[in-house]
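Below are structures written as structure tokens.
The following pair of complexes shares a single chain, chain A, combined with chain B in the former and chain C in the latter.
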Partner chain A sequence: MKTLRTMLITLGALLIAAHPLVVHAEDITLLNVSYDPTRELYQEFNAAFAKHWQKEKGQTVVVKQSHGGSGKQSRAVIDGLEADVVTLALAYDIDAISEKAKLIPANWQSRLPQNSSPYTSTIVFLVRKGNPKGIKDWEDLVKPGVAIIPANPKTSGAARWAYLSAWGYALKKYDNDETKAKDFIGRFYANVPVFDTGARGATTTFIERGIGDVLVGWENEAYLALKEFGAGKFEIITPSISILAEPTVTLVDKVAKKKGTQPVAQAYLEYLYSEEGQDIAGKHFYRPRSEAALAKYANQFSKVSLFTIDEIAGGWQKAQQRHFADGGVFDEIYKPK
Partner chain B sequence: MSLLLKQPSVLPGFGLTLGFAMFYFSVIVLIPLSGLFVKTSMLSWEQFWDIITNSRAVASYRLTFGASLVGALINGLFGSIIAWVLVRYRFPGRALVDALVDLPFALPTAVAGITLAAIYSSNGWIGRYLEPLGIKIAFTPLGVLVALTFIGLPFVVRTVQPVLQDLDKEVEEAATTLGADRWQTFRAVIVPELWPALLTGMAMAFARAVGEYGSVIFIAGNMPLKSEITPLLIMTKLEQYDYSGATALGVVMLAASFVLALIINLLQWWSTARHMNQ
Partner chain C sequence: MRKSWLFGGVLVFTSITLGLAARAHAEEGGPSQKSLEQRFDELDQEIRILKRKRELDQEAAENAKKATPIVKYSKSQFSLESADGSNFIRFRGIVQADHRLYFDGANDIRNRSDQRAGDLDVNGFHDAGDSWLIRRARLDIETTLFGKYDFRITTDFAQGTASVAYAYLDARFDPAFKIRAGKFKSFVSLERLQGASDIKLIERSYVANALLPNRDLGIAAHGDLAFFQGRLDYAFGLVNGVSDGGDISTGTEFDGRKEFTGWLFATPFVNDTSVLSGLGFGAAATYTDASGERNLNFTDTTPADATRNGLPSYRTDGQNTFFRYSSAAVADGARIRVSPQAYYYIGSLGILAEYARVIQDVSLTTGGSPPAGGAGSNTSFIPNTGKALRHQAWHVTVSYLLTGETASFKGVKPSQNFDFGKGWGAWEVVGRYSEITLDEDTFKDPTGTSFTGAYANLSESAQRARSMTLGVNWYLNQNLRAAVNYSETRFDGGAGDGVAPINAAGTNVADRPDERAVLTRLQFAF
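Now for the complex of A and B:
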């Protein structure tokens, strides 16, 4: 199954690589390897960038998109999927490309403004209409009798942000007492009836299967679900504090250099920070970085005080080691007692 | 060595076909498998042991192999009945039912998984009637069993069917004329004929179930220690870029499946031999 997948991905990449020869000599093709919920965002952004580049340089750019779980996508690039740029859910997945395949320099995150993260998101709760369990904050999620649906942090990027969000809340609540925070996390995951492997799967479980009282996940996914399934059925609850989730973007240097697409790929990423790019991000329920776009979409996002992963876990590398690696805090919850 | 192996045969082309067979087998099976072992050998014995005896891993073996075995047994019983009905009786829609048996083969496993989860979840067509009875299928180990039974069915039917077809009615009639009652005919005439094919079918259903991923994850609930299958643990390790840990679990599954396949083959060989001697 796995090898077949890799083969298909490679085949796909080959086809994409061969594509410009067939279409037009001056056309440029970029491959943007991204994660699941950004599909709609990049559809619109790619069209906008193609227009901008045509006007600016007179070249036609076709941006191909590839979406999937963030970790899976990162592995595909490591295994040879020829991405010019990657736009993944968390910095750790791009670190992995830098470390394992050496396609990106180690200091990649300092190359673009704001930690190479042009838009941010956070973790919120989606509850059923009328909020029957009276969910207001993280505290309500660990009450007995409340069933919550976060995805599995071992396999999903969004679920890792959700985990860290709950951890951050517990640290603040218990004055950085880690034993109490661990206990909180234990009670949190004791309320999980079903573990999906990805954020989209968790959304399906909550919405289509009708399981659970609270979906804990991406803010942008929650708004999308509300838009798709009708505002009458679900409500979004924003907790008092949550994590500042920074999906990151970067150029895949070695691939872009080989394909000669470096300048346009770099411009593509920089365009995410332009007014138009920021506006599109806001439109798709990502929190923009620019003041203007932020002001425009201000009433779409609830006020929430945000903490960063550096504050509560000392960055991704440490968080991964401490919490999600085998034998980490997350594994301790599922030790047979 | 080659001299010893080469026995005179009336058919020409032994060397060439054997060469092709070995080449093909190596490229398709042996090389990928040896890759698995090479990757695992990057671990020390201690690390390897720690990974494969981890409590979550052990719980997942129990579920994966247990549910696969039970699924294969269920399919052995009901698959034989389906094969029997399809071969022995003529009824309208028989050809359709016959074609439908292959559906679990043809359906993409993810589609099967999502469909089963939708049907058996507490708001699904079947799940909603079982829920008040206190039976939960989707997102429990029972759901894993349902999925594994579903994908294994065609293997039993398709191996038993041709044997049943070849079974002469005259043999049964002869048994009757010799004074055997129906049960005796079934036990002493039909079952020994079917047994090897049935074992093969169940072994194939079992082997397929052990490696199944797509259809199971959607219905399993994937709770650690409870409803987590081994292939999911392997995916989890890959997701953390732990390639050697993932292959370690792969090696365990491979070894266990190989041993079980060997046992089943021996059983089959033994039962055929015994049958021949009678």
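Now for the complex of A and C:
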């Protein structure tokens, strides 16, 4: 008994000594691991959600952000980066977290509306003022002498969407003749002078370093560049058809459960579908899902005929195996210069 | 006027001629203004592309560097480290190959019942045997995670079987506040806290080896604080508690109670450049209150296993046992240790001094199974036999580096490594006086009137040992060291008349023969 008392006193003394090290229990910190171009979107959304949560629950939420190439971010989570939520460029990267790290159930995509994709985007072209090379559609990007700047599809989510957009265009143009589509894609990537690993890097190459005639990338990134660097320098060209890009989001169940942040992390993702969340998405040039927000921002987006990944590649798993895995179509057609 | 018309006409003619010539040249395939601009743009793009590629290559190299573990292999360590330095694993090791040479007279405890090596001589001793031995063979694995959580496990293979020398976690929340838990050196003896590869003589003194605790299991808060121009190291621990000089080998403590340890050590001028910069002083203490009830279980074990009754045995510099308690004695009550300690290093000179006093409550028991085994009878305390015994020890160790290196509490770095004709490594001479004195009451019965029925037998165990040790260390390099020590120890008590048992008056007690030993060591540590 005396020993027990002694141990309790010692433990108490140690706890008192360690008191300053204890984090204020009422603050909640979430980590959102996302891809490159969503920095600005989530800066505004995080502030809006924190305000909403404070009002609803009286708790302070701080959402930390981590950005990088979508595939790279996925690997970081698999390797132990403790994300409460992931908001990545493509579902395949979240599937990888589910399969390799078992942090997320396999049916994650059915847990939120619209296949867990609260906003969409597509692939467009950004050209220099006056469109000196006369770029109008995908066909123009494979002409000799045209330098195009997409990111590397091996490392970038946006680049995979861009690749599949070009592939989808070629399939439609050549009546699903894959040989001709491969030839088209081969000529497309033969016109790439520099390969960046991520979408934000490709934007830097095109805009800040002044390289190439066309930036092939996210629609939201193109509009953001136009807004930041001035419409007088660049123009957006919307091709005749492009892909419906669906960035996806999900809770990282095991991490959130361990950290005790599951309810707030889930609410965070659901808030992306709220009117405020949708409005913020539209404001940052993502295509909102809600009719009201879509209508509000309709004028900022050009009309484009969109096809889905299922239509042209049978979904992400098949697309990955067929095109981007080692020995896939991309490895076949692309030879580094 | 006519001249000006003439000049104008020539100019127009020349211009027309040159223009026609340029046009004719362009039509013949020469570069037009437009194609020159185009070529310029193309070259500009090529330069930009090359620059960007270089930029991307550099970024890729930087990123690869951030993610690439660093492998370090140097004379002091082999480690794998994450690029940001916050995680690493380090491998270290030490091997000490010793030889012990004894001159006539170096003995084990007199009249031992288990004759371990040969017959006893006429005085009840057998001479200690010369031997080669591996004193330490340790592999040390140290890991740091997130820059602040250290884990260390050290396995010692020297005894022929693997044993865990250290296994602890150190959480470094702040330099001023760290928590260590597991098996570690108790923060008590200064000489003990000095690394096994750094101690100046082959064996530690009576203070560290005999009276103060070695490694124990438990938890300790420790750290260092600003103090004058230097710092104050502190440590407060709660451990199982081991007997004097003890090294806990299992998770079982003697009676379920814990021992408190406290240690303060100041180096107030360590950041100065004055002559006091190498001065450090402090004090340590331990306290436990051990009921002897559970120790009764261990009193019928062999005499060689003397520490299992909660009481220690003590050994000489030559590692021969010169004192052990009676098998009827058990630790029963409080045990308090105090130890003032200091060191001073200046230039090549180093001095380390330490004193220790232990107050050990003991009682006598009766019964139990006889040493040879058998049923025996229940063990019980003999009433009114409790006594607080006061033992003390001290030492002063002086070292001097003949080759001019700077002395310190840590190891020696030779200014030049040994290489025939090029360098002789570092040479150091060391001297130590160390003595231990046991309470006179230890050797008398509880009433203090008879030498029989005592807590220890004065004709078998010495009451005092005084050792003078001289040594030479040769540091061939930072990793390799050769050492030779000569040690001479004199005793009070510890022997008798032939093999006759001690009489009640203690008139047939003699001094144990002097121990003279030469200890040598070849040490490799990395």
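Quick note on the criterion: the second predicted complex is superposed on the first by the 310 of 337 C-alpha atoms of A that agree within 3 Å, B and C clash if a C-alpha of one lies under 4 Å from a C-alpha of the other, contacts with A are read in each partner's own complex, and residues count from 1 in each chain.
In the analysis below, a residue touches a chain if its C-beta (ideal position, glycine included) is under 8 Å from a C-beta of that chain, and two chains touch if they have at least 3 such contacts.
Since the model is a prediction, treat every value here as computed from it, not as a measurement.
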First, second, both or neither for A:T155, with chain B first and chain C second:
first
A:A147 in the overlay: touching chain B, chain C, both, or neither? Say first, second, both or neither.
second
Contacts of A:D326 with chain B and chain C, given as first, second, both or neither:
first
Contacts for A:D175 in the overlay, against chain B (first) and chain C (second): which applies, first, second, both or neither?
neither
Considering only the touch criterion stated at the top, classify A:I211 as touching first (chain B), second (chain C), both, or neither.
both
First (chain B), second (chain C), both or neither: which does A:P193 touch?
both
If you count the residues of chain A that each partner touches, which comes out higher, chain B or chain C?
B
Check the residue A:E291 against both partner chains and state whether it touches chain B (first), chain C (second), both, or neither.
neither
Which chain A residues are contacted by chain C in one complex and by chain B in the other?
2-3, 193-197, 201, 209-211
Would you mind writing out the residues of chain A in touch with chain C in their complex?
2-3, 6-7, 10, 14, 17-18, 21, 147, 193-197, 201, 205, 209-212
In the complex, go through chain B and note every residue touching chain A.
32, 51, 54-56, 59, 117-118, 121-124, 138-139, 213-214, 217-218, 221-225, 232, 235-242, 245
Interfacial residue positions of chain C with respect to chain A in the complex:
45, 48-49, 51-53, 55-56, 60, 173, 177, 179, 221, 238, 256-258
Over in the complex, which chain A residues touch chain B? Could you list them?
1-3, 69, 71-72, 75, 96, 100, 152, 154-155, 192-197, 201, 208-211, 320, 324-326, 331, 334-336
